[in-house]
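In order of appearance the chains are A, B, C and D, and numbering begins at 1 in each one.
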Amino acid sequence: MIRNPVAPEFGRERLVFFSDAVFAIAITLLALDVRVPDIAGQATDRSVADAIASVAPRIFAYALSFAVVGLFWLAHWRRYLLIERVDEPLVLLNIILLGFVALIPFPTALLGEHGDVPIAVVVYVLILSATGVMGTVTWLYANRRGLIDRDLSRYEVRLGALRGLAVPVVMLASLALLPIASTSLVETSWLAIFPVQALIRRWVRHLDEAPPAA
Amino acid sequence: MIRNPVAPEFGRERLVFFSDAVFAIAITLLALDVRVPDIAGQATDRSVADAIASVAPRIFAYALSFAVVGLFWLAHWRRYLLIERVDEPLVLLNIILLGFVALIPFPTALLGEHGDVPIAVVVYVLILSATGVMGTVTWLYANRRGLIDRDLSRYEVRLGALRGLAVPVVMLASLALLPIASTSLVETSWLAIFPVQALIRRWVRHLDEAPPAA
Amino acid sequence: MIRNPVAPEFGRERLVFFSDAVFAIAITLLALDVRVPDIAGQATDRSVADAIASVAPRIFAYALSFAVVGLFWLAHWRRYLLIERVDEPLVLLNIILLGFVALIPFPTALLGEHGDVPIAVVVYVLILSATGVMGTVTWLYANRRGLIDRDLSRYEVRLGALRGLAVPVVMLASLALLPIASTSLVETSWLAIFPVQALIRRWVRHLDEAPPAA
Amino acid sequence: MIRNPVAPEFGRERLVFFSDAVFAIAITLLALDVRVPDIAGQATDRSVADAIASVAPRIFAYALSFAVVGLFWLAHWRRYLLIERVDEPLVLLNIILLGFVALIPFPTALLGEHGDVPIAVVVYVLILSATGVMGTVTWLYANRRGLIDRDLSRYEVRLGALRGLAVPVVMLASLALLPIASTSLVETSWLAIFPVQALIRRWVRHLDEAPPAA
């Protein structure tokens, strides 16, 4: 599309560093909601301790979102070790992904304030799942357009696509628990993201080894 | 101007990464206004749902500004694939451009809160149009000073100049609708940015092919 | 100091990009105070226009600080085109410089809210002048330790040291006007930064040419 | 783990720049709490001076945290001059480290508001100490997995591990003073971080020279 790029490598690098900056800012802004409320009257050890205790749900929401966004960033990091070139549609898809990443502080604050209310959990799950799905979409696009390393095994390609789906799969499935379980049980069930990610990896390797060989 | 630069390439790279950081921060701060209002009394599924619904105009303003700033970044990304060297005046022009980019969260918040008030729409249009125009100004300067690749076709040079104008052209033209149409119709008309950008590209290609050949 | 650095170049690059990130964030946060106040009752074109007009002093403070921090960044950009290597004390001095840069949103907000009160002007001047002086200190250190290009002319070395002093010199001198002039006159006098910077450059070139030749 | 990375060097670089961005944002957000309180009635030189004086504890908290986070960043900078390659577990450990770094504005605000209340001091110490310890953990992991330069002397390896511990050691020890001394004395005792860091360096060098030679 661009006939005479000064440095084709430069375009990919810039996409990646721009993404890193958005991830870094979003992940750091998550902590902005972890704030002690104003204390009326003279502050004492007791009243400050109470104020700190009252931010516990926000610290939980912060830690949770930081872990999930950290996983998304790790997936992005891994994918762009393998993507050799970028084109404009990939840049656009990546901008949409970043649009969801930058929005994550919103559902995080919602969960920190109203984590016991089902609708807050639903909004949190939808936005984080959409982010995970967009990551997979960018990878599938890059694969279809031949932007990733041609020597890559099918195992790596599949893993790149499926790995990021652990978050959406576990989170969306957990919504089925919402009518019958407490919101804190639903949130606890998200810990399943880690074993599910390991399972996906094992299953993808199995797929790869089932036929004669790749 | 600088007689013994350690690494001339380094100056361009730094300009670009500094710009990326400002773009990334501005684009992420856009989401800071997407916040649920405080809920008086006990939060229920209903009151939280209402609170979430009440931020819908801010989510709209966020998505709109994210898309526009994303387009501006894409234009910047494209231009610096072709700009080979930078000089101090270009750095200064770029800083002015970034000054407008960093300001965009302000009209975005204004639109999110008062999107139904014409003056808010006017301020939004003026600031975003100025940003688009400054992008074109940096490109024209770089072209005049021979900072871009000399082998570049006239098509690429013209496209670099005109492409970023889709936002100002559509937005400024939409102001003509303001006295006769609702603000939401005016905002909807901004979707024309996408077809106008395609038209500009086709028209520039046509200009390029009209003479014997470039 | 570090006996086996994997990549000596990498240390300088990282110092520079870390600085760029801090500059970019500080410069973008400057705009966070440009916000319309809440409007009581139904928002109308008139009340929104009034609200926008009321942020004019903050837009002025934003533009002013953006220009000054932009100049500081430009000076930093220029210096590290010429600094070849970094050592730990230079990194520490640079961190102190960034500590002032990151603080600049504070005096900017102060000026935006109370720009007509002399003490606000004094605090603004002191913090921005300290930032400018720290920039010169890093350059002098780098020069003394032989971290900059040895082939550099005395003209370049002197210019690197003196150039960044235009902001402190003009701003500190303007404080002498404070007892006898309005704060807005004092603030207007800061426009002298631009001609003073040009004068410094001419004067440094003159110094360089006075002896037989460099 | 990744069989065909396009550029192995790229993975390390990205880890480092992502870290720089998080450090830069956290360090810049520290200053966000340095804000003048609203002034009731007409602002005068006196009332603005009082308002500025009232933010002194926050400026102290800002300067303190900026210095500590600056030291953490310097330690990170130093370590990645020596770490040659990264693997996924190191990236994950680094994300956990960044999770603490991004949280630091919270205890800083707490200390700025309630620095005279012991529990605020305890929370501050715990979060900053955990950050320092995580830095050492990443270094020990990298050393065990052979990710650092093999030619590195034992002195450098030990220094990389122990250097970052000056902050946790001094801060945790200072908690012993809390029942018997004022909080401001405890906070003043943190200045011991600087001589302790020098002592650690000397002690590590001594360890290195005690045996015949390394």
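What we mean here is this: a contact is a pair of C-beta atoms (placed from the backbone, for glycine too) under 8 Å apart; a residue touches a chain by one contact, two chains touch by 3 or more.
Small disclaimer: the values here were computed from a predicted structure and weren't measured.
Engineer: Rounded to a multiple of 5, how large is the rotation, in degrees, that superposes the C-alpha trace of chain A on chain D?
Structural biologist: In degrees, rounded to 5: 90.
Engineer: Look at both sides of the chain A and chain B contact and report whether the same residue positions are involved, with over half shared, or different ones.
Structural biologist: Mostly different residues form this interface, as fewer than half of the numbers used are common to both chains.
Engineer: What's the distance between the Cα centroids of chain A and chain B, rounded to whole Å?
Structural biologist: Result: the chain centres lie 26 Å from each other.
Engineer: Centroid of chain A to centroid of chain C, CA atoms only: how many Å?
Structural biologist: Centre-to-centre distance between chain A and chain C: 37 Å.
Engineer: Which residues belonging to chain B are in contact with no fewer than two other chains?
Structural biologist: In chain B, 17, 21, 25, 29 touch at least two other chains.
Engineer: Flag every residue of chain A that touches chain D in the complex, lowest number first.
Structural biologist: For chain A paired with chain D, touching residues are 16-17, 20-21, 23-25, 27-32, 34-36, 39, 43-45, 48-49, 52, 55, 62-63, 66-67, 70, 73-74, 77-78, 80-84, 149, 151-153, 156.
Engineer: Inside the complex, what are the residues of chain D that reach chain A?
Structural biologist: 2-8, 10-11, 14-15, 17-18, 21-22, 25-26, 29, 88, 91-92, 95, 98-99, 102-103, 105-106, 109-110, 113-114, 116-120, 123
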